[in-house]
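Structures given as structure tokens follow.
Heads up, the next two complexes both have subunit A, just with different partners, subunit B and then subunit C.
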Partner chain A sequence: MTRLALLLTALVGVLFITALLVGPADIGPLQSLTALVAGDEGPMTLVMREIRLPRALLGLLIGGSLGLAGAAMQGYLRNPLADPGLIGVSGSAALGAVLAIQTGVAAGFALGLPLAALGGALIGMFLVLVLAGPRGSSLTLILAGIAISALAGAFTSLVLNLSPNPFAANEIVFWMMGSLADRSMTHVWIALPLIVLGAALLLSLSRGLDALTLGEDAAEAMGVRLSRLRLTLIFGTAAVVGASTAVAGAIGFVGLVVPHLLRPFVGARPGRLLWASGLGGAAMLLAADIAVRVILPTRDLKLGVVTALIGAPLFLHLIFRTRRDGM
Partner chain B sequence: MVGAAGLSPGPGAAGLSPDPGAADQVTAAPRRVVSMNLCTDQLAMLVAGTGQLLSISDLSRDPRSSAMVDAAAAYPTHHGRAEEIYLMQPDLVIAGSFTARASVDMLKRLGIPVAVFDPADSLTDVADRLKQMGEVLHQQDRAETLIAQFEARLATFQTEIASHPRAAIYHANGYTAGDKTLASQILTTAGLANIAGEVGFSDAGFLPLEVLAMAQPDTVITSRPYPGGSRSEEIMEHPVIETLRRARPEAAMTDSDWVCGTPYVLQAIDDMVDLRRDLQGATR
Partner chain C sequence: MSLLTLNGFSVTRRKREILRGIDLRVGPGELVGILGPNGAGKTTLMRAALGLIDARGHSSLASLNPRERGRAVAWMPQSREIAWPVDVETLVMLGRTPHLGPGQRPSDADHAAVERALQRMGLTGYRARTATRLSGGEQARVLIARALAQEAPLLMADEPTAGLDPAHQIATMRTFAALAGEGHSVIVSLHDLGLAARHCTRLIVIDRGKIAADGPPLDVLTPDLVRDTFGISAFLQVTPDGLVFQPLEVLG
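This part shows the complex of A and B:
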């Protein structure tokens, strides 16, 4: 238990430092860390503080958000296939963000972008839960998710194609696959408040989700207010996923893979899985972001490509197992 | 240069233009010319005789891309689709080598002669393209006059400069222009050194922000953002760029003067000479 926490924290620490050391500029590891900490007015400090630090911080925050959101949704729906990307929450958040950029809301005030993405995510989340129902089977949940994803993706593409900006249409890939390239501390600051708020809400669900494994009636008997739990889950997930998607696009599969891998280590208790998946998600996204920079150093390989290459086979495996278990 | 007389190509002299026979395309001057590319549009407007040019692409009326918006207003525009161009019954279509392949191939299959122009990669290419345009339009004399004017003005920039401030071209997505590009030649002619060469770019490509920061250019030349906003253009507002710009003269390039190999690049060189003087004034 605490050993898992220590192990995951150490892993995240190592990956965070590594993420700071990888990049196209030719700087030695010691030099770069000195430039980051000591700092002068030189170009190395500029690279470390304005390019690599925000990138690593966003990897940490967004990976943590997606892992946490995945674990919370899987715990609440008691369904291992739930993931903010797969069920369309990320796609709806991306639509909100794109609308904010194209209408000028994002340029108008600092939090316009993440709040619009939060709005999109809330609508997406709400629609999926209404379509799938509170006790929806895996099948209805995934079908509802596919429908919401497709619709949000189509609207995102439409808005970007209608934009007067010639670059907008090419950015469909960014919004669908996600990337941390060329982000700045500005993006960290606009994402941070909602991520902190959402993470606090989701972590507060720990006891409720544990109780829910015994069934809804038992949970209510234990004093868990289900309607409140549901609202907290919806708002918390929308906040972390919305803020993440607003600055990095829709990155899929982190919320699916990480809870699945860590579940055996926490005694299958959804409450403990929350923080473990948060740490695990941060580790996975940091590793994926290191991978895209090592594979194609000068080009912007999208993060979603790497996470899907890892996540999609696991998704197939889960579907197969779900079918075998006759759910 | 080309007056509004070209406005209505109408039947008139051309009559109900007969099917353009593929064989006799070289002998007579074309009378119903359609240009499909922003750059050939401008070359054609400069070189064509009265009434010779029938239609140009709609981009030529966009002040962001075209240096000849006023002249372009006198011509009907099209959207580059094969069927609308075919219905104009042109006897010559001029396309760029990057113009939509499918449309150009379709027009060729329909028996319309197509002249293909390569994009200009250098200042000498500008004169070459003018000459080529003179040949396909049978307006060699007009082309020669334009070339002479262009070369005379270009020669006025060839003065010795003691120091060359280092400049970086940095567009949306971090797009930069290497040594072997027209944009780079515009810089060097104006007396600036292009940092893309230092870091190993010969063609155009994406320069990572980190590499730009390490290169510490004296000035960063960005393009003007388009309306509507995009993530691609956000990079030109990145704190790193802002830091590089601080306390140094900066410049935003007027795309329309840079994108095409036409005599309007002289305007771009002029702007860059001003920038260089600012820089040298600032450092001394």
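This part shows the complex of A and C:
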């Protein structure tokens, strides 16, 4: 294991435990961990196992997903500005969720919202696949993704626009900001299988993405099956991003900033950047979710707002650095 | 033994026939120069022979599965793409991709192949440099080294000498000639007819989608062919220093 892997793993570990220790319930660190591990059916165990553990686990899973998917997307498109939302899956997942809120399905039963969002993600992915075709360049994938994102965004706006119920509209706006608050272990079980599957698919792209450094022609001539790589990328990204959006809403900037930030530390190799960005994304989201609870504990500060507030200045800094390097 | 065989090979793109009726066989130990004016179909011929674009007819390389093909031929495309600021050694190591199984780390043999490639291209002092910060000519040499590191029996390169200074143009052609001397074969497309005449063992001239001439440089670069295909007059002579070809005038 390299030093970077060790460092990132340690950081994620520390942040995960910190995330378990932060919350409105006033419990000491040692006490909370004992309650989590030992379990005595008391209220403390309930708080730890049903509120804080799923929240920390989702932070880990979703942050990792976004970081990994961002690195894969940037590697495939050979563009540091690509992000996991580019193929339209998060937009269509959000549309599914918005429809669930608007129609009352979300209020009707607990899993209505995440399942509708997953359905939206699936339809979005299918449309992108059909539009982009089984073979073809990365350009057709971007265009298809942008088209589906725009369409999903337009329908989301339409739903908001025509919403006769101001409370539903309010709920939609808040949901779209992204949050990990009040999620249960059920949400973890919905997201976990898809995220594990998608992450395995994305991590398998390592060598192909490295070869793509030389361009599509050279990579294909070295034995990389580009159409299979592209399909794997679409399925993998759709699985992790769809699952993440379904349980947490739209959380921006993690998939864009983290790969960019870690690239210099892995010698710019797209393959090694995959796992590094996964760990980095998990660290960033856990940290942001801790910040949400520490900065304004009494107000429901949304996670997506904080990641954007952290992400945008970081991104600006990176732009200045890129400019200075004369790229 | 043949490293590349094309039989009745044709390429049609967007209803326009770009190549038709190409028959070609490249054996070991050849340094083949593909010549032809802009738009004659040189790049299309190489890409189609590799199976990167659809074609009719038979190509021995296109019929291989992708992994086998990666070991049978190394391809250096014309666009010199280096997408990420990786160091030179990492970039050259990418040439070993077809030799590595899934998840397998580069072995000593792979490192040795990279070392040989760096040495051949005079890049041993560059291994830790960031590839994207090198000059265009240096990047071209790094990309040639990447293709060399693949250590395939056949090397195909699309205008590998474009943008190189004279010394590196000659050195690159000599490297290719040395490979041919070791029993590999090299197919390069070139615009510098003088360089081609001097270094290649065989020239293939493509004109309007067909092979206009195929043979040793002295037999191919006749005044008639040079006039009909390239629209120029030229000086060609066997001198004590080897074959010298110098384009002279554009013919009306």
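Basically, the second predicted complex is superposed on the first by the 237 of 327 C-alpha atoms of A that agree within 3 Å, B and C clash if a C-alpha of one lies under 4 Å from a C-alpha of the other, contacts with A are read in each partner's own complex, and residues count from 1 in each chain.
Heads up, the rule we're going with is that a contact is a pair of C-beta atoms (placed from the backbone, for glycine too) under 8 Å apart; a residue touches a chain by one contact, two chains touch by 3 or more.
Here the structure is a predicted model, which means the values were calculated and not measured.
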Handout entry: subunit B versus subunit C as contact partner of A:Pro166, first or second or both or neither
Key = first
Problem - Winner by number of subunit A residues touched, once subunit B and subunit C are compared - result: B
Practice task
Could you look at A:Arg263 and tell me whether it touches subunit B, subunit C, both or neither (first, second, both, neither)?
Solution key: second
Handout entry: Contacts of A:Ile101 with subunit B and subunit C, given as first, second, both or neither
Key = first
Practice task
For A:Pro193, select first, second, both or neither according to whether it touches subunit B, subunit C, the two together, or no partner.
Solution key: neither
Completion exercise
Residue set of subunit A touching subunit C in the complex reads 78, 204, 207, 210-215, 217-218, 220-225, 263, 267-270, 327
Problem - Sites on subunit C touched by subunit A in the complex - result: 47, 50, 52, 66-71, 73-77, 79, 81-87, 90-91, 94-95, 97-98, 100, 102, 132, 143, 146, 150
Exercise for the section: Would you pull the subunit A residues touching subunit B in the complex into a rising list? Expected result: 23-27, 43-44, 46-47, 50-52, 101-102, 104, 106-107, 163-168, 170-171, 174, 182, 184-186, 297-300
Handout entry: Parts of subunit B lying in touch with subunit A, wherever the complex brings them together
Key = 172-174, 205-206, 208-211, 213-216, 226-235, 238-240, 243
